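Next up, some structures in structure tokens.
Each of the two complexes below includes chain A, the first together with chain B, the second together with chain C.
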Partner chain A sequence: MLGELVISAQGLTRYFGRKVVVHDMDLSIPRGSVTGLLGLNGAGKTTTLRMLLGFLEPTRGACQIFGCDSQSLTPEDRARIGYTVEGHFLYGWMTVRQSQEFQRQTFPNLNVGLFTETVRRFGIDPAQKNRTLSRGQRAGVSLALTLATEPELLILDDPALGLDPVSRRALNETLLDFCDGGQRSILLSSHLLDDVERVADRVAVMVHGRLLVHTTVDDFRARVAAWSLDLPPASRAIESIPGLVQARSLGGRTVVTVADPDQETAAAIARLSNSEPERLSVTFEDAVIAYLSRSRDSQSFLAHTGA
Partner chain B sequence: MRAIVVKELRENLRWLPVGVLIIGVFLWLVTPVSIKYGQISTENITSACGVGAALFAIALGALQSIFDLSDRQRGYLFHRSISGNAVMFGKVVAGAILYAFACAIPLTCLALWFAWMGPEYLPVRPAQLLPSVLMCVACFFLHPATLISVDRQARWFGTKLFPLVAVAAPLIMFLELTRGGGTMGWWFVTTVYVLLFAVVLIAIQPHHWSRKLLLVVGSVVTAIICVVFAVTCRESLKFQQAQPTYAQIGLDAAGQPWYYRGKQIREGNGYSYKQIALSGAPIRADQMPNLDAALPTNFEPHNFSYVVSNKTWQWRSRFASIDYSTQSHLKTFYYDNRGLALVYDRENEPPLTGVVSRAGFHALGEVPGAPFSLNAIAFGNQLSQPLANAGYDSLWADRDGVYQFSPESGAVTTLLNMPIDSGTGIVPIGGDAPQLLLSSGGNIHQFELVDESGETTWYDLDSPDRHYAITRSLPALKLQEVATFPAPPFSQSDFSSMAVTAEGKIVALDIANTAYATLDSNNASQWQVTHFVSPQQPVGPDAMLMAALLPIGLYLVFTSFFVVGNVMAGRAPLTQLDVSLPSADTLWVLIVVAIVAALALAMVTNWLCRRRGLGRGSVVLWTIATLILGLATPIAVVAIYPKLVCEPCPDCQRSRRIDRTKCPHCAAKWCSPPATGIELLEGQALVVGSNERRAVTAT
Partner chain C sequence: MQIHITAGSPQSIYRQISDQIRRLVAADKLNVGDAVPSVRQLAKDLVINPNTVAKSYAELVRDGVLESQQGRGYFVARRKNIYTKAERLRRLDEALDQAVGEAITLDFTPEEISERLQMRLEKLLPQAHGTK
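Our next item is the complex of A and B:
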């Protein structure tokens, strides 16, 4: 059981013209969880977040935050939600302190102390103009502004984009601190799989607007397996493997990644392989990339040049 | 909201100089630095200010909102513990502050400049910029309209600009009104239209008040634009074609009134007209003249002269418009609301050389004499139309007399010292010099304009000395009273028309064109009143064009006004064109055309509603609304309801809307996309090719 939900969506679908961008998404995010929303560019992550926050109307289906329909979020509801936009947008002409003041006037419950502390942690001078901040510092200010409103739910759209390793670590630590009490939740859209693995306890993977994975990180890791087969890479017989997520050639062998393998899966793989198939260990990153690369040829670039 | 206001002010302060520049340039373009280089017109200043202010309002609104279209900026700004409306309101307040400064700075500079230059150089008071201020206030509504337009979730080339159009069009009407345009009829129709449409919208959609209000205004304005378009088309066609025929009353050489069908045709440069009589008959007592009867050979109709009253508003001092001016001999005269005429000489420095009062010209510094009792230049100009037609300087006149002003000497000669209620200037039929018929205390005084020798031969209508731009000097004139007789026994004698023959026969026509009166001024006899029946005339091609355009393009209500207006007033409503009463047959044609057009429009609305997937009840309501409100209804449907996207139903394969949960044909819900077998949901997996779930255990 998931317990109390902070975000839920039922059959959430969004078309742009005749193109479906988010397709029949059911999503449930329990309180106290950190959910990583993963997907390639154009998979529908940002569209989903915009619908969740009420900035975009779903074509059909519905979504709720704290039980309220996203299209009818009140200022009080929004005060409980922290949202950092992609790229950590800030008004460049404002100083960090002016940004804090702007935030305070539009979020009455802003914790100035928390803001100051977070900014200090990122090593930022409050008198500095936003436009002069580095990308990492801007992320720090953006995050500080959001966290200082003491939200119950944090929605982050690709917060680590372009950050250096130190800033990324600071970001991750901040997020972990934020969720420390177990009552706050995070929905984190990102391309950085190791960061997500480090911070998130749940994962949602979107491929072509569909939610293919929505479970805990541990469950996800456990339910994806990989074998190395002695089989020509272009063989169409691979498609007969039940739960096949991805097949790719590596060093003259074929590596297949499979979801929810069972005895039938193992038998199919054994039948196809000219020699004993080798079971490979699958990392979180491997598993996610296997899902994401279903829609894109992700082999080595050298494979095409014959190098 | 204060934070939003401050932020918007800080962000957009840089556009303030641009606004000042835009409005300033427009004001600069229409304001000559001195009277020497052109006439000052506060109406032109108002218009120019309106155009500049409107451009800045639109630009500012766009600049304040266009950047919020990006997801990042929109998310950052609108995800706050304040409502989206508060954010928008904050933007409007900030825009209003910037806009106010952008308008106030150039207008204040202009007012200061007017004050600094003084009347010696410019006949304008700073206070006369008040209409410009009002225009600026009105134009500001373009700012929130632009904000809403940009923020609106619609296609740019679909209905996104709808709110902007909604505000822009009334402003154009407002501008026309401030410039003295005759558009009050349109406003009347608009008011009725707004009320009807608001009621229908409220009945159909109980929510979204702001959007409804917007649509009401927008639809109305769109309709107004259509009216303007239709009338413009009509005017354009009229200019290119010979004038349609109208039934009208004129006089033959003997002073006998005739009812004839005639037309005006443009000749020469297109700005002068020639009257041609085609058919008609003399007016007999209690008879309806036969308009189709053949006219005698060489019949040339003579028109009546309109009697102007001293009560007419044009002769009063008006705060919000230009003081009446006339130009003569390189001099410009402005009527000052103190009752004096300011004299500006373009070759003098400073141009203001003095003022003219009833006592004559007074140089600067001198104490002027008694002021005129009303705008003597304008009133006199109307009374002495025959002089203007011949290219002479006009006489001046006020409530207390008639004056001759000599631009060369500056002398004012009182030609007549008598209270004047109304009057007209007439060249007698067969006569050689103009006369004045002036009404005073219930009597009409007939004067001849004679020179010092008592002759009328000075008047030369076709002199080669005539110049289209410079008027000819009048000789020293005198008013020689010919006769005095009582006013014609019409209830509204001030507005009737009069004519005089060379033999002294006076003919007066009542305003309703149902009676005329004659009197022999030589014998001071009584008025002989003749009542007659005005012939009914089929609506000419001009009115037919209008009658066809309006119902097709507009709405039944408007057509009703047209028809009722014709019946009641005998003229086309709204345009005040002289159109004779339509016959019963023509009336029926108009009604049928209107009904057919309304039904066609209703079918279009019905089709649009169904294309947009509205429920049966809504389709019926909108269709009925079209019969009442016309073109605005399908426009509203297009604006309110998005275009449908349909896909085949997975169950019945018939086309169904993608935004509806159930299929209207088979009531099936949308199926989830078929599972691929790799879906990993917490504690369960999907079976390939179906959406059945099976429990899983990690291996």
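Our next item is the complex of A and C:
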């Protein structure tokens, strides 16, 4: 159903000391997709990406890239993967062009045309010294260096962190161009939900080390619904609503967000509300935030039914 | 053809595209046989994932708004039904809800509201009433 997988994981688990940071994660990312990995800081996103890249050993379970175990990726496998890390390290004394030449020593087949096109998109003159670049431009150079190696898979840890709107747009355009043709894939973590909604076709949501959702963007939206109930806030009764993801109070009423609502859900909501409940529309951001604000112990309603 | 999309809207991006193309066709801003941008081009223009555009076009083809011509792209189809029956009803209800809501706040009775509606219908669609 998913076609060829570029990334997979089974029961992937990582402890730091006695603290579990990634818990029993199963993941299947098909070739050609752009997957947004979402979660609060500390949810385990970076740890997951580092295990996928083989930089960190899992405590239990396993993960593969291109079907090859992440712990035993060969240099040839690695050459097919591009990744950037948080912070975008560059030598300040080098010019942008020198950074490109430096990268070419490691990657003789570096696509210089693609590098130049990408930095131009971020409004960068290749003769500029790295230390004179803005944060968004540094991200642009870092991304351009990675893209110019022409990888099949891009793994980006929060590439949009701290970018201005112009650089964000340049980033989105660059990522979509990279995927043009449907053979290349991207896994990126991000906090910018509007950008993820635009660029990604799949979402993975992590909460406290667990992967709660992994499905297409449209499927994710379609399966989350919200109602406003005429019910005093903090009523315990709402816990009986099947599929409840989140409840909060708003103007003396209770707003509930529900996963996979069916007739039973609607009936339960109608029963609890003192007057007719109002169906609210749900944005992508609403759906994500509902999941991210859930408590540690709650169970997923979507995780095992992903498309 | 001008299409605007907003991320973070209660409407999904693919639905925003479908709705706007339907509206352009309904308003004769796009005519039968007109080409619409390719999936790749529109995705590029809007800076969105091409799968989103593809999903929207697939829906429009299914509903008979667009037709795909092998190797040439997508074109506005000969007008059959731009909207499905369910969609037409949904849109009618939406339009009526707004008008009726407004009318109620202006303190008219149901009889007065339907009488005015009837008058408008007779004025705008005389042929439909002449056959009665």
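In this section, the second predicted complex is superposed on the first by the 294 of 307 C-alpha atoms of A that agree within 3 Å, B and C clash if a C-alpha of one lies under 4 Å from a C-alpha of the other, contacts with A are read in each partner's own complex, and residues count from 1 in each chain.
Basically, a residue touches a chain if its C-beta (ideal position, glycine included) is under 8 Å from a C-beta of that chain, and two chains touch if they have at least 3 such contacts.
In this text the structure is predicted, and so the values were computed from the model without any measurement.
Considered on the superposed chain A, chain B and chain C are sterically compatible, since they fit side by side.
Of the two partner chains, chain B is the only one touched by A:H23; chain C is not. With both complexes placed on chain A, chain A has more residues touched by B than by the other of chain B and chain C.
By the document's definition of touching, of the two partners only chain C reaches A:V34; chain B does not.
In the overlay built on the shared chain, the residue A:E173 is in contact with chain C alone; chain B does not reach it. Of the two partner chains, chain C is the only one touched by A:V282; chain B is not. Contacts of A:T116 after superposition on the shared chain: neither chain B nor chain C is touched.
In the superposed model, A:Q10 lies in contact with neither chain B nor chain C. For the overlaid pair of complexes, the smallest distance between C-alpha atoms of chain B and those of chain C rounds to 14 Å. Contact residues of chain A toward chain C in the complex are 34, 169, 172-173, 176-177, 179-180, 193-195, 197-201, 217-218, 221, 281-285.
Of all residues in chain A, only 2, 11, 13, 15, 17-18, 23-24, 46, 50, 53, 55, 57, 59-60, 74-76, 78-79, 81, 83, 85-87, 89-91, 93-94, 101-102, 105-109, 149, 157, 210, 212-216, 219-220, 222-225, 242-245, 259-262, 291 touch chain B in the complex they form.
Those residues of chain B whose C-beta lies close enough to touch chain A in the complex are 2-4, 7, 10-11, 71-76, 78-83, 153, 645, 658-661, 670, 672-673, 676-683, 685, 688, 696, 698-699. Residue ranges of chain C in contact with chain A, taken from their complex: 7-14, 40, 43-44, 46-52, 55.
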